[in-house]
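Take this structure first; my questions come after.
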Amino acid sequence: MANTKTDEKLQKIAKDLLESGEVNLIIGYTKGSNPQRMRPVFITKPEEAEKLSFSHNAVQDLAVFLKKQEVKKFGKIGITVKGCDEKAVNALIQEYQLSRDNIKIIGMQCNGVIKQNLADKGETKVSETTVYDKCLICQEHTPVLYDFLVETEEPELSLSGNVKPYAEIEKLDALSTEEKNAYWAKEFDKCIKCYACRQACPLCFCSRCIVEKNMPQWIDTNSEEPGNAQWNLIRAYHLSGRCIGCGECERACPVNIPLMLINEKMARDVYNLFGYKSGLDINAKPVFGVFSESDFNDFIK
Amino acid sequence: MEEKYFEISSDNLKKFVDRIITDNYEVIAPTDKDGDTFYGKISKFEEANLDILLPKMSYKEYLLPKTETLFEYSISGVDTEVKDGLQGITGANEKRVIFGGRPCDAGAGPIMEKVFNWDYKDEFFNERFKNLTIISIACEKPDNYCFCTEMQLSPESSYGSDILLKKSGDKYFAIVTGEKGLNLVKAYSDLFAETTKDKVPADKDWKKIFEIEKTKSFLDKNFEHNYFQERFLSCIGCGVCTYTCPTCHCFDIQDEGNLKEGRRIRNWDSCQFGIFTLHTSGHNPRVTQGDRYRQRLMHKFKIYSEKFDKYLCVGCGRCSRNCPEDIDIKEVAKNLAEMA
Amino acid sequence: MSRIGVFVCWCGSNIASTVDVEKVREEAAKIPGVVSAVDYKYMCSDPGQNSLRNVIKEKNLTGVVLAACSPHMHENTFRKAAVKEGLNPYFVEIANIREQVSWVHEDKERATAKAVDLMKMMVEKVKRDKPIEDVRVPLNKKALVIGGGISGIQAALDIANGGVEVILVEKEPSIGGRMIQLDETFPTLDCSSCIMTPKMVEVNQHPNIKLYTYSEIEDVSGYIGNFKVKIKKKARSVVEKDCTGCGECWNACPMHKNVKSEFNINLSERTAIYVPFPQAVPLVPVLDRSVCLHFKKGGKCQKCFDACGPKCIDFSMQDEIIEETVGAIVAATGYDLMETSMYGEYGYGKYKDVVSGLQFERLLSASGPTEGVIKRPSDGKTPQTIVFVQCVGSRDPEKGVPYCSKVCCMYTAKHAKLFAHKVHGSQSYVFYIDIRATSKGYEEFVRGTMEQDGAVYLRGRVSKIYEDNGKLIVKGADTLSGNQVEIAADMVVLATGVIPKKGSDKLAQMLGISYDKYGFLTESHPKLRPAESSTAGIFLAGMAQGPRDIPESVVSGSAAASKILGLFSKSEYEVEGTISSVNEATCVACFYCQRVCAYNAISRKEIKDRNGNVVKVVANVNPGLCTGCGACVNACFSKSIDVKGFMDDQIYAEIKSLAV
Amino acid sequence: MEDMKVEKNEQKDGTAAANTGSQSDPRLIAFVCNWCTYNGADLAGTSRMKYSDNVRVIKLPCTGRIDPLFIVEAFKKGAKGVLVSGCHPGDCHYTSGNYHSRRKYATFRDLLGYLGVDLNRVEFSWISASEGNKWVAVINEFTDKIKSLPDKTTDIFTKK
């Protein structure tokens, strides 16, 4: 398959990094199991750099691999990231899971990735109706931090304004408590407790998840309504103010729970309450590591 | 019982489904939900989506629920009352029909039955399996992720189905494999017309792209092969493969309760989780994701077949389609076969 | 298996009249793991405690629950009793069925049910109690006092006199602080330097005190008993041990007109090499390199060097970092006066004869720029009329600070009095909001100023001060008469408010102690632990805590000293064992625990393999610093840190026991 | 006294003696800090104030220790209302535990509300050691509020 200019540039950067020994591993994308899919690839030899590729099907957030012990062993790592994914790298640095010195960030300019279920059905066009909602609100088409930048050849994503990203959030906000409850009860009922949402999340890096702690078992293990709700609640709570919105949890969910409606809502609330957005600055202190004496107090009697 | 053959028109099939629903059968069929198709209870024929290849999840949960109560107890004063979980399900779903699944899904039942009746007879599984009537529809167009043919089945296999429907023009041929299916056909005999085997169109010649025996022979000899560590570096251990798999059956037994009441349950579990085979000491013999994915391959393509004479895989391809990191098990099995 | 004993106290009729204690006892007996349940009239009495001890012994109990009064009443009593029978003190839990049941509810049946619930809850908790051993921390019996003002000096002397080594660090070239700037002190009018100088000398000569002046704290780490302190000894350019304080150097210095004296608050000039005041301790000059011609003009001038007999001027001297290990610290960083520039209408800085209270002290002082003769800064004439304005900055939430600076009422009365004594026939006016004269002899002192010394007190604020024809026109309100007043004065003295010493917040951060929104260091408890900071081993004294007068500052210095002497009277310091501990197997070193810890108790710990390679980094709790607040547990996503005494599984069991 | 009346009425209604946890006799769980609110509650006791007996107090060292997990667990165990209470801002015995927790509660509360939990059932308060009267008022008002809510068990913690 012919290389695009983007691919060539990407391959050159990776090859140089590996040849010079600046990194021992490049995490990137390569062609996947069908023409509309990309998959992660791990390159350790300069001559294999030609496997690297990038397109609007590069849906995965490769930062998730930075939490894997097997990957950490490589030491100095180069990673291919879209703007959204790059925020995960920043958040990992903020939370001491990664040292800036050990990572070379190959930032990919990106104008949106096509929803995987549509791509699987043959969709090839990037448009506001085919990309993920995260792409529609994306402020980081060019990553906020990078060592190398690979510019995109794709045209800018044109937004008509007719497609409202995460429109359900406003609708849910307007519902009564009962109605909200009914909505989420139905959604959580689907949950099968596979924890794919957790595994796909670059920021769920605990080596033992709270749900795996059984002395005490705070979160019921059952996959019925209460257990499912507890899991989803605590997962969302642990990511509040930390989630960078890559949407991998929702994409990984085999039963299509709209997890991003929760994550995005909490990101908005945390921003409104504390003026903090996750993953934008590696020197910023995480929102729940600090406080202000003038924090929101109205809800407390 | 020998296979029996019937014909049913498309119109009558619709009537059949609607009538059994009226007669209080619980009909589980592929139905559209949240932009995808899942197995779910339908209230009329139209709700079934028979056009898609396979629902996103298998119907495993009707054999092995994602959470099953094994027993419950309640305490009042110094008295404790225990209730067997089996009581709750005995005879409860005698009238449950899985309609519109594919031969691969149907094949999963008898394969799983083996492990649930090997030394200990799992009454929970058996009670559910016994009562389930499975009406499958043969596939006409498998996709690139399908490999049932390689897994000793085929898109037209009747293995595991009580009734297999094969479309032919505007009618279906119904291959009835046993009493359960026959009873159902007889109860609605006005809709079915008996026919003979020679009338049923012969199965197509489905081609294999690799030999699963070769895959097995690679696994027999290459436990420590580098392939596992390298290929599955991209595995994030999400377990979606195991949860969507119709044959994966690992479960985890847990207790829940307080000072007044409690229960013992079993939940789905996965060999892909970091705490799988984690010892109390903190040591885990399967420490990397490569180790764990190898375990899945070993279990599916080697260990199970050695013990039960069947591979623990029906080649439905769900694990590949649903893998967030695009790990294609068919490709993997083929790679291994090629390396053998 | 647990062997729990439950003891239900009647507290006479205090509990028994509202709670059916027998029923509570019966319910307790039914709980699995409870091997003994008794009720008794007064558990806290000697026979009650003895019965507790007997049951512990006879039934070989592993835990004790007392359904009784609040744990804040008798938890310690029962713990001590349990310890006598060899039980870990933390295996005693209290169900509070008096303050929180019998005294606040009336329906006996429901109160009893609640008491049973609380008792069950504590049984579940005690079942999961783990033995907690108090932590023993070795003590370096040396103290650091930061700040050489009166409170720091007092603390240093008291500690040193108790036989403990003290390091006293002072930022300025001399100790003495603010007090040595004062003239006479209220209400006794003894001369400040007369009572201060001997103390300063005593510090200098004390065998147990090591004095570092012109020095600052650079870094503090560690914890009670074991603080590692870095002290920056700034380059003085004069070799201290050789200097005789003869004064030849500053007499020789050509820079004698241009440098404003900090000590005299800009009312006089000093040389580049100088001692801030003649009684300075140590009497060793400091060379101010920012104005010295040697440093400004490329080394040409060395008049001081030439003049110095013992040749102790060293132009090449460098800042020096001295490391000390101490067991306890006193923070006595003192105060500054507020900048009054926000009161533009008062003309401070614009009119030379509008001065601050502290400047007026210097004008009164015999060692001051005017040698004690009150002279106007503008023309050196002796003023006949002075207006004193109180609460400039204090008690003014709009422009200044809301708090009262406490000393201004008194020193203004003193100023007016001394003015009357020194300039016969003079007149002073005092604008005030309220007069606060609450200590011994204070009220009489103020009365004296009004009645004997003729100061006119006007209740109200000054709105404007302007110069007119060589006079300062003070316009203000007399709210008692309701009249606007206008006074033509020769001088105006502003009683400016007190604020924490600049940089004390930074020091507090370094020490890991808390401070309020103004920057005053906060006490561990404002009433019951006023000498302690929030961090164990760090004590507070003087104005660093808030406005106070000299006697109070002296008391607080002594209080801090006595706390340290008390601490050092034991060989080891005991910390309550209810502290956090990390599960190193599951910790992923995200350090949220460190971020929320108010005590700097969490540090990084590297786990190494046998070859010394770091295999893992985890959080580590410093037992000397941890207070057991548990904020770290809340911050930990995977619950890989837990706090003893309130372990996660205990709280879980408590909630679980309340299931309805 | 107001609160006495409440109790007597209940007896007339023939409510079971023990706190049943039903909507008309709800179980309230209060998580309080050791230094302020627990002492405040003790003060209510020493002052012989009377208040609703539906509340069960769990003592923690500090609001900084009071984890949102506790709130979830309390609801799971059938509490109809959960109160979290500690020292006023600036008064924390451990200097900043309440500040850190306040951020978490503000966020967690939003999340609960979004997921359909009735926020009338979760209450937060700052009650100092000297505010026995505030403790009484908060408990009584909270109890009354919970009792006034419709008898529904539809929240995500309840098994249907």
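Labels A, B, C and D are assigned to the chains in the order they are written; within every chain, residues are numbered from 1.
As a working rule, contacts are C-beta pairs under 8 Å (C-beta built on N, C-alpha and C of every residue); 3 or more make two chains touch, one makes a residue touch a chain.
Here the structure is a predicted model, which is why all the values come from computation and not from measurement.
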With respect to inter-chain C-beta contacts, which pair, C-D or A-C, contains the greater number?
C-D
Centre-to-centre distance between chain D and chain C (centres being mean Cα positions), rounded to whole Å
35
From the C-alpha centre of chain B to that of chain D, how far is it in Å?
48
For chain B paired with chain C, centre-to-centre distance based on mean C-alpha positions, whole Å:
70
Give the residues of chain B touching no fewer than two other chains, as numbers and ranges.
258
Can you tell me which residues of chain C touch two or more of the remaining chains?
517, 585, 596, 635, 652, 656, 659
What are the residues of chain D that contact at least two other chains?
73, 77, 90, 96, 100, 104
Edges wherever two chains touch, nodes for the chains themselves; is that graph a line, a ring, a star, complete, or other here?
other
How do the chains pair up in terms of touching? List each pair.
A-B, A-C, A-D, B-C, C-D
Across the complex, what residues on chain B touch chain A?
33-36, 38, 56-57, 61, 66-67, 144-145, 229-230, 233-234, 236-240, 242-244, 252, 254, 256, 265, 267-268, 270, 273-275, 287-290, 320-322, 324-328, 331
Quick one: in the complex, what on chain D touches chain C?
4, 7-8, 11, 17-21, 27, 29, 38-39, 41-42, 44-46, 48-51, 53, 56-62, 64-67, 70, 73-74, 77-79, 90, 93-97, 100-101, 104, 136
Under the touch definition given earlier, write down the residues of chain A that touch chain D in their complex.
172-173, 177-185, 188, 210, 218, 220, 224-226, 229-230, 232-234, 236-237, 240-241, 262, 265-266, 269-270, 273-274, 287-288, 291-293, 295-297, 299-301
Within their complex, chain C touches chain B through residues 30, 120, 124, 585, 656-657, 659
Under the definition above, what is the set of chain C residues touching chain D in their complex?
70-72, 96, 98-101, 103-107, 109-114, 117-118, 121, 514, 516-517, 522, 525, 534, 578, 596, 598-599, 627-631, 633-635, 643, 645-646, 651-652, 654-656, 658-660
